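In the part that follows, the structures are each spelled out as C-alpha cells.
In the two complexes below, chain A is the common chain; its partner is chain B in one and chain C in the other.
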Partner chain A sequence: MGLLSDPNRRRALISLLTRLNTPICLVCYMAGVAWFMGLAFEPFTLRTYMSENAMGSTMVEERFPAGERALATGREFAAHKKKVGGMPVDWLVKTMQARGLEVFTQSFSRTLPFPDENKERYMVKGTNVYGILRAPRAPRTEALVLSAPCSPGDNNQAVGLLLGLAQYFRNQIYWAKDIIFLVNEHDLIGMQAWLEGYHHTNTTGMDWSPLQGRGGSIQAALSLELSSDVITSLDLVLEGLNGQLPNLDLANLFYAFCQKIGVLCTIQGKLQRNDWDSVSGYSHAVQTMMLMVMKQASGRPWGDHGLFLRYHIEAATIKGINSFRQYKTDATTIGRLLEGMYRKLNNLLERLHQSYFFYLMPSLSHFVSIGYYMPAFGLLTVILLLRALDLWVQLATPPTRTEDGVADIEQSSPGVLSVLTPLVISHLTGVALYTLPIRFQEMAVEHFPVSETEAVVLTAIAVYTAGLALPHNTHRFLSGEGTEQGWRVLKLVAVLYLAVLLGCTALINFSLGFILALTLVPVAAFVTPHIPKVLSAFILVILSPACTLLFSVFFFQELQEMPVSFQDGWLLYLSVISQGILDHFLYGSLVYPLIALLVYPCWLLFWNILFWK
Partner chain B sequence: MLKLSLVTCCFVLSVVIEGLALLDLGVSPYSGDVFHETPLIIYLFHFVVDYAEITFMLADVITAVALYLAVKDYNKQVFRKQKFALEADRYPLDCLELIRSPKEMYYIPLKVAMFYLLNPFTILSCVAKSTCGLNNAVIALFILSTIKGNVLLSAIFLSLATYQSIYPLTLCAPALLYLMQRQYIPVNFRRASFWWFIVQYAFMYLGSLFVIICLSFFLLGSWDYLPSVYGFILSVPDLTPNIGLFWYFFAEMFEHFRLFFLCVFQINVFFYTIPLSIKLKEHPVFLIFMQLAVISIFKSYPTVGDIALYLAFLPVWSHLHRFLRNIFLVSCVLLACSALFPVLWHLWIYAGSANSNFYYAITLLFNVAQILLVSDYFYAFLRREHHLTYGLYLKRKDGSEATLVLK
Partner chain C sequence: MLALCASQLTAILDMNLLAFSSRNYIKHDNAGQFFSSGHTNNWAVLVCTSRFWFNYRHVANTLSVYRSVKRLGIPDSHIVLMLADDMACNHRNPKPATVFSHKNMELNVYGDDVEVDYRGYEVTVENFLRVLTGRLPPSTPRSKRLLSDDRSNILIYLTGHGGNGFLKFQDSEEISNVELADAFEQMWQKRRYNELLFIIDTCQGASMYERFYSPNLMALASSQVGEDSLSHQPDLAIGVHLMDRYTFYLLEFLEDIHPASKTNMNDLFKVCPKSQCVSTPGHRTDLFLRDPGSVLITDFFGSVRKVEITMETINLTDPINSFR
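And now, the complex of A and B:
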C-alpha cells in the first residue's frame, strides 16, 4: 500500500491527475470508443466453439422425411385459422391428440394499460395449446420446448412443421426428456401466460388458467418462425428480455448444424463475409455487432424465446427467411436440422452453463466475450472517476480568497445536505415521468383530440420537457446557491451517482450501459456553470436520454438498410416509446423504469449544475 | 431473498417464528438445523411476536438514544480533559487549531443518533427484521453504561451481548480501561488496585453470564442450546452467502484443513484486542470503535446492521477529517459495492449468468474498503495525538519541513 500511505508519492500522483485531467479524460474517451469499434475486427475476436462436452460428437443421421406433409398440415391450419378467425383450438387439440401427444390448453386474458397501436390490441384474450410428448424410458424430470407462435396471417408453415416433427418424434425411442410442443396465441403475451403458469409465478398481473399438465424443468427451448414453403436462409435471434442472452452454446449448436446440413445461416439478417481485412468487410462486421448492441439495449424480447431466459432456460428463435437467392431449402431439410438440434439437446446432462452468457457477436462464427468488451466501458467510467477525484481535490483545498478566518473554516467542509434539495426534486420529476403518463391518459384523452397511446407518449415527452424548466423555478429552494462550493459538491455527488448507475446497468445489460455511457459521460465530465450557456444547453439536450433514443431509432433503421424519412422516423420514435412502456407493464422490462427513475434524474442534476447561479 | 443475503439468513424473524412453532409443538427448537438464536430471544418473542415490527423499530430507537446519551457524556469528558491539558500547558503552541471547541462539539450527539437511524443499512436491517437490531441495542446500552461509569450495568450488558454472539467479549478490554480511567486507577501491572478492579469486573461479568446461561437452561429445560448457538457461531456449518468472508472459503476447502482454517479465522477476530489495547490505552472509546469495526468485519455471520453500528460513531471523530487520507476512495468503494451487491446477487441466483465468484469479489472489495476505512481513522487519530504532543508543523533538525510517514 505504498501508494496510499506515502504522502510524497500520493501528492505527486494527485497533482499529476489534476493537472492533466482534461487530456486524460479525452484520451480515455477516444480509447474507449476505439476499443469498442475494434471489437468487430476479426483478429481481435475468437472463433466460436462448443463448450459443453455432452453436446460433443454424436454421429447421428437425421432422418426426418415428412416435409411436404408438414406443409400440407400448415395449409390446413391456415384454413382453419381463417375460418375461426383466431386460433383454431379444437382442430389443434384434435390434430395433436391424433399424433399421440398429451394435449392441454390454457386460456389467458390481459387488459393492456393502453392500446397497442403496432399490433392493434387492447383487451387481449386467448388460448395456448400445447402437447407433451412423454419420454419413453426416462422419468419425467426434464423437458425441452418447441414453440411456434400463432399470428393472424403468417407462420402457418412453422405450425405445420411443428406438428410434423411431433409425429416423427413420437415414433422414436431415444428421447430422454419430455418434449413440449407449444402453439401460443398473441405471441409474447401468450408466452408470458404459459411460462407464468408453468412456473407458478405471477409477476405481471395477468389472468391465466392453471396448467393441467406439466413436463418437468425445461432445459432448453426453440421458437420457430417460418412463413414460406421454401427458404433461402435461417436467421438466429438471441436477444431476450432486458438484454439477457442465452448461453453461447445454443448459438454454436445452431451454427454447427447449419454447417452440417448445408443451410445458409445468418445473424441479424446478415450473412457472414470472409474479407475481414477490407474496409467493407470490416464495416459489415461492425454493422452486425451494432445491430446486436441496439437490439440488446432496447431491452425488449426480439422473439418469443426472449421470455424463457428469465427462468434460466436457454432459448433462441429461428426465423426462416425467403429472399432472392438461388439455392432454396425445403421444409424437410429444416425438419432435419431441428431434429438434429433436439437430439443433441436430448443428450444434455445438466443445464447449458459451460459457455459464455455475456457476449457480442459480430458474426455467427466469431464472438467477443465479456472480458474483451468490458474494458471499453471501463475506460469510459474512468473518466467519471477522474473527474470526481479532481472535484474532491478542489473541494478539499481551502479557497485562496478568504473574507475572514471563521468563514474560511466553515466553507472548507463541504455540506452534503445542501445537495439534498436538487437530488430530491430531480427524483420527484423522475417519479412523475414514470407514473403520470399512464395515470392521466383518460384526462388527456378528454381534453385533447388524441388516442390513448398518443396521450401516454405525449404526456411522457411533456413531463420530460417540463423537467428542463426546473432550474429556473427551484432556485428559490436551493440552499447552497451562490457559492462555488455548492455546485462542486452537487457535481461530485452526481458524477459518482452516474458512475455507480452506469456500472450496475452495464453488468446487467452491457449494451444499454455502454450507449448511455457514450452520451452521458461527456455531459458529466464537462458541465460547469461557467461554460457558454446557450451552446452547452443545446449540447446537453442533444445528449440527453430522449434524444439518444431518437438518434438510435434513425441509426437502427440505417443499419437495417431501411432508412426512414424524418416524419416516419418521428412516428417510429413515438411508437418505440409506447412499446417500451408497454413492455414494462406486460413483461417486466426494466429499461423504462431505469431511464425514468434513475437516468433522467441524474441528467437533470447536470442540467441543474449548468444553470447554477 | 436479496434482503436475506445482506442480513444473513440465520438471524431473521422468520427463523425465530419457526423456532417458536417448534416450541409450541413441544419439540426443542434446536432440533431442526435452522434456529440458532438464544433462548432469551425465544422468550422475548413469545410475547412480542405479533408486534415484531414495533419491537425492531423500538430496538433501533433505543440504540440511537443510548448512543446519543453516551456520546454527549463522552464529549463532556473530552472537553474537560482538554481544558485541564490546556491549563497545564501540555500542548505545543502551534497546534491550537487542533483544539476542539464546544461549538463544534454541540451537534455531535445528534449527528451520531441521526447517522444510526437514517443509515440505509439500519433501515434495511429493520425492514428485513433481523435480530441484529436487538444485538445493537444491547451493545449500545453497554456503551452507555460504561461511559456513565456504572460498573455493574456495564458488566451485565456486556454479558448479555456476549451471550447473544460471542464476539463482544473483546469489548471487555476497552470497558476495563475506561472504567479504570474514570475511577483514577492507574493501568499498571504491578499495582494491586489494577488487579483488584479486574477481579471485581470479572466477577460481575462472569456472574451475570452464569446467571443468564442457567436461566436459559431453566427456560428450555435442556443444554442443547449451547452447541446450537455457540457451536454454530464458532464452527460455521452454514455456508449461505452473506457479506462476510467465511462462506466462500469454507465452501471450497477440503475437510482435512477445515479445523485449521476455522481456528485461524476465529482467532483473527480476537487477535487485535491486545495490541490495540496497548496502543490505545489512553483512548478507550476509540478502542471500542475499533473493536466494533473489527468484530463486524471478521465475524462469522456479519450483517449490514453490525456495520451500521460502528458507522454511527464516525461523527464523533469528525475533527479528524483533515488527517484522513483515503476517505474519498473508501467511500466511493463502499458506495459502489453496496450498489453492486444486489445486482450481482440477481445475476447469480436469478439470471444464472454470473456465479459465486462475482458476488464474492464484491464481498472482498467491500470488506477491504471497510478495513481501509478503519485503518485510516486509526492513522488520523494517532497522527492528531502525535501533533498534540510534538506540534503541528514539524521541522527537521536543519529547519526544513518534514512529513510524517506511517511505517
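And now, the complex of A and C:
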C-alpha cells in the first residue's frame, strides 16, 4: 500500500511528525538563516554578465567633450535657482530650446495628507520642465529618459551635465529613439506627476496639467544626482517603490562602462573587495547585501528612478560621490560614461527582459538570483506548515487526559464564533491603525502640543499599543474561551494565514517577506497559552512589527557606518513611520497598509492566543 | 537586304575561320583548361539570414562576396541577393547609406549600385528553397528567379547564425541540413546546375554540408561542428563588429583575383587557417567529379564567357533567301 494510505505507516509518520516537530522547526529556522547568510559568500554567487544580445560586447568610442561647459551651465542654473527661489522654469525652457530640443512644461500640485518634515506645508506645487530630442530618422515610437531632480541648493552639476549631454546628443544622427531630458521639481512628487501625465493614469490623486508633448513608450530611464564638480566614485541605486528592482542588465551595463572608462563604482556606497575568503571580505559582502535587503524591505523609492519601475520601465539612479580619495573623475568622464550607456540603450530592440528582475547584489559584480535566495524563505515557511500539521493532528485526536471533567465534556469543536471573533476584532484594530492617525490628526494637534507629523505618528503608536490590551477585553465576548480546542483552532487559522501572507509578500518583495518571517515565524511557532506569560509577552512585543522596525532602523544606521544614539534613533524611527505613511498616500507604497491591515492583525491573533486563558 | 544577309553570312564564316585559326594557336594545356569545365554561365545566390543592428556583420559579409562576384564579372541579372535587414539605412547607422567591411571605413561594400532581390521579411526559408528549386509563382519577376540550366555553375553563399545541423533565418525559423541537401538533389534532378560551390560562414557551419548527396557539389565552411565562428573587428565609431573572420580573409583573398586568374580551389581551402580564424575551416570535395586543383576560382566567382565551337556546317537555305 502507499505511504499515506496505509494506516500503520500513516500513524508512524504522524507520530514522527508530532514527536520531532520542535527539533525540525529549530533546524529549519537555523538552516534558513544560514542559507541567507551564505548568499553573500562569493563562491555561491554568480558573476554578472550582459544577457541582452542587442547591448552586446562591442563598445563605441565615446567622444563627449564638453564637461567644463556643462559645469558652467550648472553654475548658471544654480544662480538662477537662487534668484527665483525655486525652479527657474523660464531659464530652463530657454536653455533647452537653444539646444534644439522640443521643450514643454507641466505644472502639478498635491495636497499632502499631513505636512512632512521636508515640505512643512500641506500643499506642494511645482513645475516640471522637459525637452525632447527627436530621433533624426526614426519613427517616434520609443524613447529614453535622462532626468535630474531640481533640489534646492543641490544637484546643480547634474542639471548642467544633463544640458551639456543634450547639446552633444543633438548633434548626432545615430539615435533610433527619442531622448527626453527631464528636470523635475520636488523630487518624487514631480516625477510621479510627470509619469502619470505621460501614461495618462491617475492613481494617486494628484493634480497635474496634461503633457503637451510626448515621445514613444519609454524603454529605459536614468536619474542623475551630482552635487560636486569632481567626484571620486559613482554609486548605483536600484531599489524602487515596493521593493521593485530594475532588470539586472541595467546594472550590468553600468558596471561594464565603469570598467571600460575606469571610474570607481559602488553599490550601497560600498566598494568592491577581492578578498572574499577572509572574514572581513565576507562581512563586507554581507553588509552590502543587508543594506540592499533593508532598502528593498522599506518599500520606498530610493531615487527618482523608483517610480518608473511600476510602468515596466527599467530605471536606475546614478549618484556622484565625492569622498576623500586621491583619484578624481571629472565631468567629461561622467559625460562619456553616460554617452556610452545611452548609445548601448539606443541599440535595444525590445524592453530589457533577458536578465533577472529579482535578485540581490552582495557586490556590483556578483548577484544572487531568485532561484538561489528563495529557499531561505521557503525553509522558514516550512516551519509554519509543520506547525499547522502538528495542530491539525492534535485537533483530530481526542485528548487522552483532561484537566477536569468539564473540559472533557466540551469536546465538540469550538464554535466558529470563538475563532471568528478574535479575527474580526484584530482586523478592526488593524483598520483603526490604518485610518485613525490621519483622520484624527487635527484633533490631536488641538489637544497636544505636537506638530501634525508627530501627531500622526504618535496616534499610530498609541493605536498599536492599545491593541495590546485587547485580549483581556475580547475574552468577555467569547463563548469558547479557555478551551484547549479553541486556541488550537485559532492558532491553526493564524499560522496558515501568516504563511499565506508571508508567502505573497515574499513573492513581491522578498526582503520584506524575509524580515517579517524572521521575526514572526518564531512567534507563530512557539506561542501557546501555556508558556510563561510575562516573559513570552515581552518576547512577543520585541518580535512585533513595530519593534522589528525600530531595530531595523538602528541596524540600518550601523550598516551605513553612521551609528546613532538612542535619542536620534527614536526620532529617526518616528520619521520613518511618518515617511512610510506619506509614501503610501503619495506614491502608493504598500508597506504601510500591509503592516497595518494584515501583519499587525495577524500578530494580534498570536497575542490573543498567548492570553487565551 | 541581300547585302545585310551576305554580311551576316560572312560574319559567321569569319568567326568559324577565326575559331579554327585561334584553335591552332592555343597552347595545348590551355586548350584543355579552356574546355575542362563544362559550364557556360555563372550564377550566384548570396543570402544573409539575420536581422537586427547587432548582426551588421552578416550583411557586410554577404555584400563583400557580392562585390567580389560582381567585380569578377557576374552581372546583377545572374545574382540573387537576399538580405534580411537593412543596415545601410538603419536608424542607428552613424554613416547612413554605407556598409563598411574594414575598420576606419576603408571599404564601403554597399556602394551605389547594389541590387537587392529579396529584402527584409522576404528572406525566408521557403523563399530560399523556392529560388533554388525554381518553384516560384508565375508572377515572380526575373530578378527574383534563379534561371539556371544544366550548364550553369552556381555559387551559393550563406551567412548568419547557425548551429549543429541548422541555420537560423530571421530569428524565427530554421533550415536544416537535410532540407538543404534535398533541395540540391532536386536541383540536380531538374538539371539546374552543372557544378555548385556552397560556402557557409556561421557557427558550426560544417554541419550544414554533412548531408549532401548529389553529385558535383563542393562545400566550404568557416568552422567545424562544435566550434563557433568568430567576428573580426569592431568599429569604434559605428559600434558593431563589421565582418566575420572567415569572410574577411575570404574577401582579402578574392581582392587579389582578377578575371584571368588561374588560382584554383586548393588555394581557397587554405583561406583563413586556424591561426587567423580561431575556428577550423572545413571543406568537402568527395561529391565533386573534378579534382579541386583543376577548378579555377573564376569558375564560380567570376563569369567567364565561354564560346562553344561547332564543327558542323549550317546550310542557309531558302527561308533566308526568300527575304528579298
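Observations, loosely collected:
Assume the second predicted complex is superposed on the first by the 586 of 613 C-alpha atoms of A that agree within 3 Å, B and C clash if a C-alpha of one lies under 4 Å from a C-alpha of the other, contacts with A are read in each partner's own complex, and residues count from 1 in each chain.
Going forward, contacts are C-beta pairs under 8 Å (C-beta built on N, C-alpha and C of every residue); 3 or more make two chains touch, one makes a residue touch a chain.
Note that this is a predicted model, so its numbers are computed, not measured.
Number of chain A residues touched is higher for B, counting chain B against chain C.
Of the two partner chains, chain C is the only one that A:Ala176 touches; chain B does not reach it.
Shared-chain residue A:Arg140: touches no atom of chain B or chain C. When the shared chain is aligned, chain C comes close enough to touch A:Asn346, but chain B does not. Of the two partner chains, neither chain B nor chain C is touched by A:Lys83. Residue contacts after overlaying the shared chain place A:Ala54 against chain C, while chain B stays out of touching range. By the touch criterion stated above, A:Arg75 is placed in contact with neither chain B nor chain C. When both complexes are overlaid on chain A, the residue A:Arg325 reaches neither chain B nor chain C. Chain A contributes residues 4-8, 10, 244, 309-310, 312, 351, 353, 357-358, 385, 388-389, 392, 413, 496, 499-501, 503-504, 507-508 to its touches with chain B in the complex. For chain C in complex with chain A, the residues that touch the partner chain are 52-54, 89-94, 96, 234, 236-241.
Across the complex, chain A meets chain C through its residues 53-54, 56-61, 135-138, 172-176, 343, 346-347, 349.
Chain contact summary for the complex, chain B toward chain A: residues 321, 325-326, 328-329, 332, 335-336, 339-340, 343-344, 346-347, 350-354, 372, 403-406.
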